[in-house]
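Pasting the structures here.
In the two assemblies presented below, subunit A is common to both, partnered first by subunit B and then by subunit C.
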Partner chain A sequence: MELTLHVSLGEGSCAKQPMSRKRSYSVLPGFGLTMGYTLTYLSLIVLIPLAALIVRAASMSLEQFWAAAFNPRVMASYRITFGTSLVAALVNSVFGFIVAWSLVRYRFVGRKLLDALIDLPFAIPTAVSGIALTAIYDRNGILGHTLFQWGIKSALSPLGICIALTFISLPFVVRTLQPALEEMDGESEEAAMCLGASRWETFRRVIFPALFPSLLTGFALAFARSLGEYGSVVFISGNLPMKTEITSLLIITKFEQHDHLGATAIAIVMLVASFAILMSINGLQWYLAKKFRG
Partner chain B sequence: MSVENKHGIQDPLWVQWTLITITIGFVAIFLALPVAIIFAEALKDGLKTYAIALKDPAAWSAIHLTLLVTAISVPVNTVFGLAASWAIAKFEFKGKSLLLTLIDIPFAVSPVISGFIYVLLFGLQGWFGQTLSDWGFKVIFAVPGIVLVTIFVTFPFVARELIPLMQEQGNDEEQAAISLGAKGWQTFFYVTLPNIRWGLLYGVILCNARAMGEFGAVSVVSGSIRGKTATLPLHVEVLYNGFNVPAAFAMASLLALVGLLTLALKTYLEWKVKQQRRELALVNE
Partner chain C sequence: MDLMWKHTFGWLSLWLVSVALTGCDGSSQRGEGGVKKVQLLNVSYDPTREFYQEFNESFAAHWKATKNEEVYVEQSHGGAGKQARAVMDGLEADVITLALGYDIDVIAERTKLLPLDWQSKFPKNSAPYSSTIVFLVRKGNPKGIKDWADLEKEGIEIITPNPKTSGGARWNYLAAWGAALAKELGGMEGIRKATPEQRAAADKKARAFIESIFRKVPVLDSGARGATNSFVQRQLGDVLLTWENEAFLALKESGGDQVEVVVPKLSILAEPPVAVVDEYAKKHGTQEIAKAYLEHLYSPQGQQLAAKHFFRPNSAELISTEQMAKFAEVELFQLKDIWGSWAEAQKVHFDDGGIFDQIYQPK
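Let's look at the complex of A and B:
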């Protein structure tokens, strides 16, 4: 089983798991050329720039790093970013599950269109989504108008950030769950029903446990994406330091104040967080693959 | 509503109706409404808004810059994607999964951080910044920086689509071509390329959509100098923050249109790839 992640658009839809196929020594030419090119290009575009960040961070003393990465304003931005990302990922786990379930299991008019629409957040530039969401949830927006009257601050608030992050990260949950739902065979649930389990019990004890790893993966991907999101959030959030300032924005603010060390320290913390999340997904998938292979 | 028996036991009708209603409601409010509102806002005063927005030379320069950046970064990443997938899918070597992980890195790095690492390299305080500026070459707050970060954020798209596809197709056809005396390039152009064309196109349009729409990374390195280093998404931001909201939505609607086109093409290509895969499975049987 291939264990690397597809965090890309159209996850799982086009890039299915490759068949494992034993290959003998290849007679094809071009390995040296393509491999050399790949490694050179990878180093120039990805590895050296990343190394610049790490070297810059290593040049700081521990106290310096600590003061830059964990001062009160930065801590507040972590709380807001991680908190809203968590809420968005949880909301999407619930609704994404329902959406994926309906799209795979039921047949209704407009299903194909709905399925295609799921990828909208990937296809629309984040800045465009940002101003669109603000136009909807702002005090004068079509939904915001009513929500504000009810005393619900749907913009310039953490709730506004949650809305933007929910929009941006929905496809991750749906696109991770869909292949898992499609691959499920009906036999085990039929067996459970025949043995006298109720529909709800069958769902809880047979179907849900089988889908849980995919749900968890989708949740983690959505969470990781939300942590770094910038464009869709900055218009709706209001960007008030200590209150609605997300970490991505704080990095830009530090950088604009020529505080490169401050920005570096925060960037390192966020980078470590997102790598840790993605690695734990990889670990989880590796563990499950091993478990099921026996 | 028709019944489908493939997936286990059917849910009771009231459950189906409830879940379908939630699905449609959620997708309509959370996904469709934002897109609808872009066009509604842009067309509020008819096409006049477009005429005014497009009279601004800054708009044209933004469109021009966006097209330029895309025209450089997409082909560059396509060539890389082809090279990487050939090396990874057609050959066995140690460290393959490490290489795959490294190629995925740009997806795991947030846009703002992607932009920032290039500032650390090429900014005036950066590794190469001073030398380059002595030579009179500006990267940050200039077009080269925008191109570089766009290449970074769209780096894995084509490779990520092609590697699994090529692995699945195997080497048999290429080996046959080589043993019949075809040259390496001939094999690639006449055997491999036709086989992967839909997957390749799929990767390219995704790469293209992201390249045109990238905001966070670009806004770090560009400095958003109106009429000079503002791409279309940055121009939208400048207009919006300058309280020229109708023009902002008019420009945003152009980007949204590209997004919708991408979505339509993508759906079509997925269908094509699925069809091709089914044919392949049939041949293998």
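Let's look at the complex of A and C:
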């Protein structure tokens, strides 16, 4: 819920109202107070723990860090984690788009219920998702049984990881797109139609460009969420080194082997990579939004 | 409105503080009727939960009768590596009962929470009960798995947890390795007499055997219980390598019509040790009771309960012959016969870059 609010506020305020810098218009207490609170809060909750991670890693030499963070087994886990997350985020960008579209544009019986269901992957513990998915996609599961017969391994394989990640990251795309879709008034569509554009052209040249920045945000959030997922994946994945071992699992395994530094090194790589990806997607989104609106 | 909010807030903070204070309070306090209440935390490994549940009741009754104190034992279970880490990171266990000595060695070496010679503090190398590694197969043994060599058959799937995190999995691995060595060199006697060259050649064969086993493993769970669930609940694999006690428990839980236990001719003597975490016990003032708790494991009641939960008791004379009958005859070799010590086995096989890691590296 928090996320929806955040996104819609961000989008809405940028798009509609020109930013007012006059002090008298401010509704919240003064800039100093809110900014101070924001910085303290962010430091306590986010920055200090992350800094501690880096401090901990600082006791390693560069060679040690390199050996711990980039050996073949760890590299394989990065490939698996980033690869499956990318697939899950892409799948959700397509199907999440359709879901959001149907929920906003059409009125049908059970729409509210369906809308509420979207949040379920947010709300339920990831272990529950893991068990539920395993029950269906495992070799003896309802669907998995048939899929395995066709030679499709829907569990204990990278495909299984993709399924779990798609499940848990669906709400991010849908919830990010919904406000943007609701914001579209339909006038520009009508105008496009009146000017002789076909349905496909209207979608491709009018609707989609307006939605693309939100879709990109949704994609980035789904991707980021997938990178960090652990609970549901360990159930459905085979957890085999080099094949189906995700990075979060590897970090925990390192910890259980009493190798704190090794775990920290991998964690830092994940931190930096996630940050870089989010930054570049945000940058791209900002650029596109500016280009489209300006 | 403002005032009311302040009141609510005041009460709330007062309540939080009081909860925090009572929650943090130490492990002993006076209960009703002046009976002293004591709390103990036992940090254990994966498949001991059922045994310790019953054992804790037995100990509580014993302690009440001898000292008139009420003791409540909290249990924590998981893969042995994780549990050892939790204690090192500050889980204040009064006693630890882990799957293998190496994990306790690591705690002693790195944190000084207990002395390095912890293993000499209780009889029989601090191992009140032992177990071994056996096979659990599907009912009727459709794949005909009778001994270690059958694990090389093509077309079977094997379930075993990850040796990196599970103590039981390390015993599985070493049992298989030892069995392969014995096959090559002509039994345990042959291993003892082998020249270094012969041993090296046999180790090579054993490694190939281990590789062929792990090629057939579709899922690596982090602990023994997870592997049991994969095999019994999720119906994965044809054979589960596991603790004898875990195999019998799974047999009992599943009602006996789904799986059966197969005992190989030769296996490893697995001795899960116990220890008092001195520093934490001192802090909690529970040294005496923690020691008594572990000593109770060696008592007739403790040994009988261990046997009831399918652990091999260390004092077989305390157990009735019928109860002993369920433990199949099996030749057991000791870890030190082949690797000298846990530290050595750990270094060669399970540390980063060790043989287990090499198995998964692409050739």
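Rule of thumb we're sticking to: the second predicted complex is superposed on the first by the 227 of 294 C-alpha atoms of A that agree within 3 Å, B and C clash if a C-alpha of one lies under 4 Å from a C-alpha of the other, contacts with A are read in each partner's own complex, and residues count from 1 in each chain.
By definition in this document, a contact is a pair of C-beta atoms (placed from the backbone, for glycine too) under 8 Å apart; a residue touches a chain by one contact, two chains touch by 3 or more.
All of these numbers come straight from a predicted model, not from anything done at the bench.
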item: Subunit B versus subunit C as contact partner of A:R139, first or second or both or neither; value: second
item: Touched partner set for A:A289, first subunit B, second subunit C, both or neither; value: neither
item: Partner chain(s) touched by A:M242 [first = subunit B, second = subunit C, both, neither]; value: second
item: Touched partner set for A:A276, first subunit B, second subunit C, both or neither; value: neither
item: Contacts of A:I152 with subunit B and subunit C, given as first, second, both or neither; value: neither
item: Touched partner set for A:M75, first subunit B, second subunit C, both or neither; value: neither
item: Per-residue touch tally on subunit A - higher for subunit B or for subunit C; value: B
item: Subunit B versus subunit C as contact partner of A:A58, first or second or both or neither; value: neither
item: Which superposed partner A:F255 touches (first subunit B, second subunit C, both, neither); value: both
item: Shared subunit A contacts, counted only where both subunit B and subunit C touch the same residue; value: 252, 255
item: In the complex with subunit C, residue positions of subunit A that touch it; value: 72-73, 134, 138-140, 156, 234, 237-243, 252-253, 255-259, 262
item: Subunit B partner contacts - residues on subunit A that touch it in the complex; value: 2-10, 13-19, 21, 23, 26-31, 33-35, 37-38, 41-42, 45-50, 52-53, 56, 95, 98-99, 101-108, 110, 114, 116-129, 131-133, 135-136, 142-143, 166-167, 170, 181-182, 184-187, 189-190, 193, 199, 202, 207, 224, 227-231, 235, 248-249, 251-252, 255, 260, 263-264, 267, 270-271, 274-275, 278
item: Subunit B residues touching subunit A - in the complex, by the definition given at the top; value: 1-9, 11-12, 16, 19-20, 22-24, 26-27, 29-35, 37-38, 41, 80, 83-84, 86-88, 90-93, 97, 99-113, 116-121, 123, 125-127, 148, 151-152, 155-157, 160-161, 164-165, 167-168, 170-171, 174-175, 178-179, 184, 187-188, 199, 202, 206, 209-210, 212-216, 219-220, 233-234, 236-237, 240, 248-249, 252, 255-256, 259-260, 262-264, 266-267, 269-270, 273, 277
item: Complex contacts: residues of subunit C adjacent to subunit A; value: 79, 81-82, 84-85, 88, 106, 110, 162, 164-165, 217-222, 234-236, 350-352, 357, 360-362
